[in-house]
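These notes open a run of structures that come right after.
In the two complexes that follow, subunit A is the common piece, with subunit B as its partner first and subunit C second.
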Partner chain A sequence: MSGGLPRRIIKETQRLQAEPVPGIVAIPDDSNARYFHVDVAGPKESPYEGGVFKLELFLPEEYPMSAPKVRFMTKIYHPNIDKLGRICLDILKDKWSPALQIRTVLLSIQALLSAPNPDDPLANDVAEQWKVNEAQAIEIAKQWTKRYAPSQPMPS
Partner chain B sequence: MNSEDDLFYNDDDSAHEMDDDDDDFVEMGIEPEPTSTNEKTDVEVFLYEVLTTEQIVQHMVDCIKEVNTVVQIPATTTRILLNHFKWDKEKLMDCYYDGDQEKLFLEAHVISPFKKTPNAKKRTTRATSAAVAASVQQEVTCEICYLALPATLMTGLECGHKFCIQCWTEYLTTKIMDEGMGQVGTISCAAHNCDILVDDATVMKLVKDPKVKLKYQHLITNSFVECNRLLRWCPMPDCGHVVKVQFFDSKPVSCNCGHIFCFACGENWHDPVRCMWLKRWIKKCDDDSETSNWIAANTKECPKCHSTIEKDGGCNHMVCKKCRFDFCWVCLGPWEPHGSSWYNCNRYDEDEAKKARDSQEKSRSALQRYLFYCNRYMNHMQSLKFESKLYASIRLKMEEMQQHNMSWIEVQFLKKAVDVLCQCRQTLMYTYVFAFYLRKNNQSIIFEENQKDLENSTEHLSEYLERDITSDMLVDIKQKVQDKYRYCESRRKVLLDHVHEGYERELWDYLDSA
Partner chain C sequence: MKFFVNVRYNTCQPVPLEVDRIATILTLKEKIGTRYQLPVDEIRVIFQGRELSDNATFEQCDLGNHSCVHAVRHSPSVQLRQRPLDIPKSQGLNSIREVITDTPPPGGQYLYYKPPGGWYLHIQPPKGLYRVRFHVYCRSVCHNVQPGKLRVRCSKCKQGTLTVSQGPTEWGDVMVPGRIHGECQSEGCDGTVAEFYFKCAVHPSLEDDSAPVLDLVRTNSLEVPCAACTDTVSLVLVFPCSAGHALCLDCFRTYCITKLNSRAFTQLPDVGYSLECPAGCVNSHIRNPHHFRILGDEQYTRYQRLATEEYVLQNGGVLCPSPGCGAGLLPEGEDNRVVCEKQGGFGCGFEFCRYCHETYHEGDCRTSLLAAISADSGDDYRLDPENALRAQWEKQSKLTIVQTTKACPKCNAPTEKSGGCMHMKCALCCFQWCWICCKEWTRDCQADHWFG
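Showing the complex of A and B:
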């Protein structure tokens, strides 16, 4: 098993390409098959609608026994995502199960954009703003989306 | 073939499935275990036992058996239930008989052992060779490795989530070796969002590597001790003993390795300060240690000639090797006034503090106040470490005295003197933690007087044992040493009694801001 890419990763990569998740593009790096360049479209009716967010996803040596490492590369105003793009999501930490996949992880991240959770914050200042004045926080998130995540036509 | 027999307790269930493995001598709840433990008693009759790792495992097995004599479920499930109730047997029994059993199993994250029909069980054990052959041909894809494998290679818990054996093994190994299972002592099913716990028998069956098995048993034992209020590991590194008490209290306990610690918090025995304040203090010291690197300072400059002086003994009376200046290590003032009855090094001068507050920012004076207490605390701690050297030199002295016609028993007073010195240093150390959080009132003034007296008499004893003893006539030494340590003992008793009385009568006020 050492050296070569595990069957599981090969299969997952093939399936991601063959049956892509709507609104998500994940392409393995040319030089490293464990490293993925990811584009996630902001979900409809969320403050991130119209934006496209770049993420990096890395499958560590222990994958799938350990969770993939995922990080936002595009700046985003979200109570569960910090300045460095790190994501507060249970399935990436203690709730990780080897039966989860890259696909389910990315879907969960997309869902997190639709439903921010300021009660379990990673970015404290953002979460505070979200609780104190939600309307204003959403406004800021929209502005950031326009500024940092300008929409390009998604490659199909 | 059964790998369950590696497990340190035997599972009822698996014992039945084993055909002739002839290790059914461990029947649940029969033999009364005459464990040889040495009961220890301290002055206030605080009963406790010191157990070895083997005894602690046996104790855990006994707890499981005891429950199993009443509750007829597999032992491996019982451990999960007991773990869920922090090993409170009574609570488990109460919930089992008075409450909703289904709810109990649900909350403990196990499938009720009564749920599976006996028929289903028989069917699996009686699987004919034809049925096996049929299922071999039926391939299933494992959702972890994506390999299509014969159904017989798939396994899982009662929840029905099946993965291939190799993936299970890898999953459990990762959990045990990398994540250490945390404090909880359990591993949940590999499926997403399934919180059913893997029982020990299954872990032992699926994990093959003896190193991983051993680590698993360590983790189980550790979680048993950690979540049991009546047990505590000896905090000495590599000791491996556990102290078992009859009721939880903040009391000194003495391990077989010789270490004496507080049962409630695991720190060195810290009378007169209470666990809670000591905990705060230690946290504060940890937080501040990076900014206050003076704590590590083991050297000071001679206040007169500025040559570097290293503290080489517990005594605070320093003599500069270069210029022969006598000074106090704590305040750097001349030693002369200290040597008489007046010893002015033990308390933070409130007037001085007020002046400091006027001229400097509040935070700055708070820091100075802290540094004052911390300095004294660290100083006694340092001295305490040096006293171990003193034991060696005293032993030589004792041998010398025995050569001068004194019996072994007659010279024991010297060892006793060092014991008392160490006790006093330790008490003094913690008086500064107590004092740091203490709000000034009439009683705190009496306390500070007592502290001053104890500190003074302790320094006298220390100085005598370290230095003057060499110049005295052997016949005089015994009387002098005994007088000094008895005085120290009495001062220590006065101080501790006063603080304890204050606790009882609620005389102490605390500074919450400190």
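Showing the complex of A and C:
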């Protein structure tokens, strides 16, 4: 750790590119190696299937002692993601552990898309809708996916 | 390089005797005999709870330069109380290489000692061979984590003249007093209980040499990568969880300091002020607080201060809010008036309110604080202009705090909400409360106004 980028970040970045997680692409920004452009494909059999969601991920100075900052850039209808793209996920807050990695964080976010949790909401109105009429909520989520997250060829 | 063995005969000061490094214990006995005018066949040499046999070499006995042995005298007619230790011939100490240089060792090397002479004794365990199993924090000379040596002495006379009847087989045998027995060979001592201690293996022996052992620090013989930086380094701290998560010492330092900064250590009744494994495993708190010495003297002092503060707060006490004081006070009764009494060099005399930590007042805390801030000090003209300005500054500062914060419902710590949901967790007392209700967080808060 001689002033530059910690070796752990270099290693994680290399591994993300050498052995990418299926359905997830994370590419460091050209001018800032701590800032990642992330594409997450909507998981199969979820209302987000067929969509590609853009996220930003930033590794703060204290990483890995503090959690990466992650936010959805693509609008998404999900009870645990608010309109600013902020994500309600315990491992991004008090359950963060330096033993976790960028890879595990993105996998957890992908899992959250498969299993929305309206009992642990960040977006109250969405959560309410999800509880009152789940079928309709899923329909809205599908529409939003088509409208805001159209599938594009993933950047290589 | 000259090779010395420090010999302590009876209770005299240890005397360094120069011997040939490849010689045997018999040669050492001859030197002792000459020095103290004793018949050689009546001398017994005891080291690490064992009597050393005549034909053993220093290497075989693990005797390094300046190791301290005990010599006792017994007439040959007396039956040996214990068979001398047989040492397998193949077991040598030459696996540790000593290099003397006049430059400091490269960064990250932990095995070095700088004696007053100005050169460095640089001991490197050769690659692929991991002999060092014990590590200590050397407080007296190195101020660093160093390889440690286990030593045994008589619990009664405190001399290293006790021969043990059986060696320790686990940490408990060494850490819990009274488990291992033996016989003290000192004349006039009938001690039967072994007392274990550790010393720094890097610098020559000192008079009072014990160093706290770091039982979680291990030589990384399994080449496990650090859970945080993922590098594989020679020394790791292995947490006492079932998975045994390991951090390198640099990351352990950063991990602890990050947690100290956010006061995220926990005070547990049977453990003390401690940290759990970074992966959050159950029952993984560090039980031996000496490990926090790894943080360095300054941060260790800070750890001790925060631990004391936490102890005072958990026991219903308060910390004096007066700048530069911070005395821990345990007020009796429910009265909100607390006086930081001056006694025994502690205390500043400040009288304050137990709940809002402002100057003592009667009635509701917030009302009286606002009244104090808005009170127009009519006799400003008598004040020194700078003091008056400063007073205004303090007033503004207090006003800002009142306007932008809410008090933790349990400890009254002014709390600012910079983002996130309504679920607050006090950084000082860990109380979980609701920003809207200003009461303990409930499922109802979650359902009604968790967010928004």
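Heads up, the rule we're going with is that the second predicted complex is superposed on the first by the 152 of 156 C-alpha atoms of A that agree within 3 Å, B and C clash if a C-alpha of one lies under 4 Å from a C-alpha of the other, contacts with A are read in each partner's own complex, and residues count from 1 in each chain.
By our rule, contacts are C-beta pairs under 8 Å (C-beta built on N, C-alpha and C of every residue); 3 or more make two chains touch, one makes a residue touch a chain.
Everything quoted here is computed from the prediction, not taken from an experiment.
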item: Fit-or-clash call for subunit B and subunit C when the two complexes are aligned on subunit A; value: clash
item: A:R8 touches, of subunit B and subunit C: first, second, both or neither?; value: both
item: Subunit A: partner with more touched residues, subunit B or subunit C; value: C
item: Touched partner set for A:P60, first subunit B, second subunit C, both or neither; value: neither
item: Touching partner for A:S97 - first (subunit B), second (subunit C), both, neither; value: both
item: Partner chain(s) touched by A:P150 [first = subunit B, second = subunit C, both, neither]; value: neither
item: Superposition clash, subunit C against subunit B - the stretch among 332-340, 386-394, 404-412 or 440-448 that is involved; value: 332-340
item: Residues of subunit A that lie at the interface with subunit B and also at the interface with subunit C; value: 6-8, 11-12, 62, 64-66, 95, 97-99
item: Touching residues (chain side subunit B, partner subunit A) in the complex; value: 143-147, 161, 163, 167, 170-171, 174, 178, 190-194
item: Interface residues, subunit A side, partner subunit C - complex; value: 1, 6-8, 11-12, 62, 64-66, 82, 88, 93-95, 97-99, 121-124
item: Subunit C to subunit A touching residues, read off their complex; value: 227-231, 245, 247, 250-251, 254-255, 258, 278-280, 420-421, 425, 450-452
item: Subunit A to subunit B touching residues, read off their complex; value: 6-8, 11-12, 62, 64-66, 91, 95, 97-100, 104
